[in-house]
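Shared between the two complexes below is subunit A, which has subunit B as its partner in the first and subunit C in the second.
So, the complex of A and B:
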């Protein structure tokens, strides 16, 4: 308005900014078992599609629960040589390998002072039940260093009760740092190529520094090694959720 | 390759072979070919006509079929002759049959005698001068010559080889896939020739296969997956031993 009052025009405060808080919108935790993600290669995607159909078929009949490396599982398998014809083994999952129907996981336990590791195939028809006694993650994807750790870190009670947990809690990450037996170890775990965070190294400083000589700092910037699985994972998740509802 | 389990819980490794646009191209009679049996020329995967010379297009035009990447011959008895132009499907084979698979092996290039023929070479230390993977002696003194066919370094691989007597465990009729026991020569996605086994142990093995072949426009309605009797199907509950 141009009416001159002699005073300056009335101060119009700027419009208040609208804050859209995206962080509070919780992301739904959706777990996709790692054996569904196809590896990088020149194989026809039709092969993975057919394998996935078989895997889904098996999952409809037999429940394969969600578990990570570091969770404690109890597996009952059919065994022709055992009396009662079935065999139950409790252990901590050390590593998960293989893709597709040949996916495996290794359970480790120390029974009567003897370390025992058993490698089970997820989709084998001889497995009769898989129960997750304790669902948790550890600081590393591969716990093979437990072979060189003190046996107390690999012992689990065979008659352990399942630890109760709420359905919608976040999966706890056990930040346990494991103490090792004296060297020599089966592998030089202090070297940066294994990138282990879950060991409390009690080695002298100069040895830890000498191990860093084998570090390859350029590897994390190597673009040819990048394998972005987000889009593939989305497609597979959609396919899985459709098929399992049928 | 994929694992497959039997009803007793044993694991078998299985190779997946896809039957991709196979058509019968030409019938060559016994007298024409000069052999003991009649022959049928069969073509494999479809390919663009620009990758084949004009002279090769004739066979495909006669049969009325797009140009194929590979053409093979099958020796056929007179009662199994098929009209040129008929498509061939994976349902031609049935689970429980035995099969020979031929393909070109993976090419390894020019290779030395240790990798190519499995020679032991020489020790790594104890005074060996510049001799660790060499053939050593190639003939005797009395022979005074090197025999023909002496194993020496050369190009290895990229030749046709056959795996005999492979059992067919499963057939997928929707995607035309044959699940064959064990491994097969060739790299992934290479072209492969699958034929009824010629081994004497499997001479009378085929119990009522589709003869001369499986016709898609026929009356038979096959289920999507055909399994062998011993295969564990994932719709069943887990295996238990009584």
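So, the complex of A and C:
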């Protein structure tokens, strides 16, 4: 407005904010399928190296997507004794077992009030397609307690559409607490040995306290049971990225 | 159920009849039990014939699913399922709603009539 003689200095705009894009920095997180990590033991690492080469060969031909225990998958297998020669099964992954080429995963679904579980081998040539309909994690690594839970928690629509997902999002953890059928169960899930967080126990207090009698709090501090996989994982990740680029 | 056994079907296992026959679906104070397995070993797997004691009568039946985990890629059911059958292999019921494993299709010759009344295959 007026002349700026003797007035405070010219208005300096504030410095522009520096945007640090954490997402590009987070690309370091890559998923390593658990069957690549060799188990603790005295076998020659050559055996695991050869198995990994075969696994990589199979992955080059057939895409095995990333999935966790608790995600809903649809698997089509080749079956000579099925009409149209192929078979599609939709279910929630309850557990992933086995290492190397014998890695398996169990899918569970309830069809017509009958609970069905199928154990598939990841690297079997009979599998024609694996589709992840819903990618999510649950509070536990092992959802075998779904067998003793109310059947509504294991029912999934066979014609379910895949849930869309952005690539850079974190994998959602479903903090669902499952309600159980009345006891007896196939295993005593309230005991601390199973360490289950995903059940809403409606048992009386004295039963929960009595179950804590079997707790072994020294187990987590046992140094002979430690198996640090970080260095092994780094090596395997490098190997994988080199081989898959070829 | 009282025992949560995870074995295949043998003598004295309680089974669940899955078809819509009257003999299988009318309630009785005792569950249907297996009394003999037509097998070299006394253990019945999917596709084996067994003798059932239902409502005070003896009836043959075909195993269509059990709780015991089998070979990989085959389904494992949450209950021991059985379909009532005559001596010549004709099923007594007219419809089977529960899913049946595809492995039974391999033996089309013996079980063609049972497979014809089945609705869902797993």
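Brief remarks on what is shown
Everything below uses one rule, namely that the second predicted complex is superposed on the first by the 219 of 246 C-alpha atoms of A that agree within 3 Å, B and C clash if a C-alpha of one lies under 4 Å from a C-alpha of the other, contacts with A are read in each partner's own complex, and residues count from 1 in each chain.
Following the convention adopted for this analysis, a residue touches a chain if its C-beta (ideal position, glycine included) is under 8 Å from a C-beta of that chain, and two chains touch if they have at least 3 such contacts.
Values in this document were obtained by computation on a predicted structure and should not be read as measured data.
Once subunit A is used to superpose the two complexes, subunit B occupies space next to subunit C without a clash.
Contacts of A:124 after superposition: both subunit B and subunit C are touched. Looking at the shared chain after the overlay, A:115 reaches subunit C, while subunit B stays out of its contact range. By the document's definition of touching, of the two partners only subunit C reaches A:104; subunit B does not. By the touch criterion defined above, A:54 reaches subunit B but does not reach subunit C. Judged by the touch definition given at the top, the superposed model places A:84 against neither subunit B nor subunit C. In the superposed pair of complexes, A:184 makes contact with subunit C only, with no contact to subunit B. In the superposition on chain A, A:18 contacts neither subunit B nor subunit C.
When the shared chain is aligned, subunit B comes close enough to touch A:42, but subunit C does not. Of the two partner chains, subunit C is the only one touched by A:147; subunit B is not.
Of all Cα pairs linking subunit B with subunit C in the superposition, the shortest spans 10 Å. Within subunit A, the residues touching subunit B in one complex and subunit C in the other are 79, 121, 124, 126. Those residues of subunit C that touch subunit A in the complex are listed here as 4, 6, 65, 69, 72-79, 81, 97-99, 102-103, 105-106, 120-122.
By the touch rule above, subunit B contacts subunit A in their complex via residues 2-3, 5, 9, 11, 16, 18, 172, 175, 177, 188-189, 232, 234-242. Of all residues in subunit A, those touching subunit B in their complex are 41-44, 46-47, 50-51, 54, 57-58, 61-62, 78-80, 85-86, 100-102, 121, 123-128. Residues of subunit A touching subunit C in their complex: 77, 79, 81-83, 87, 89, 104, 111-121, 124, 126, 147, 184-186.
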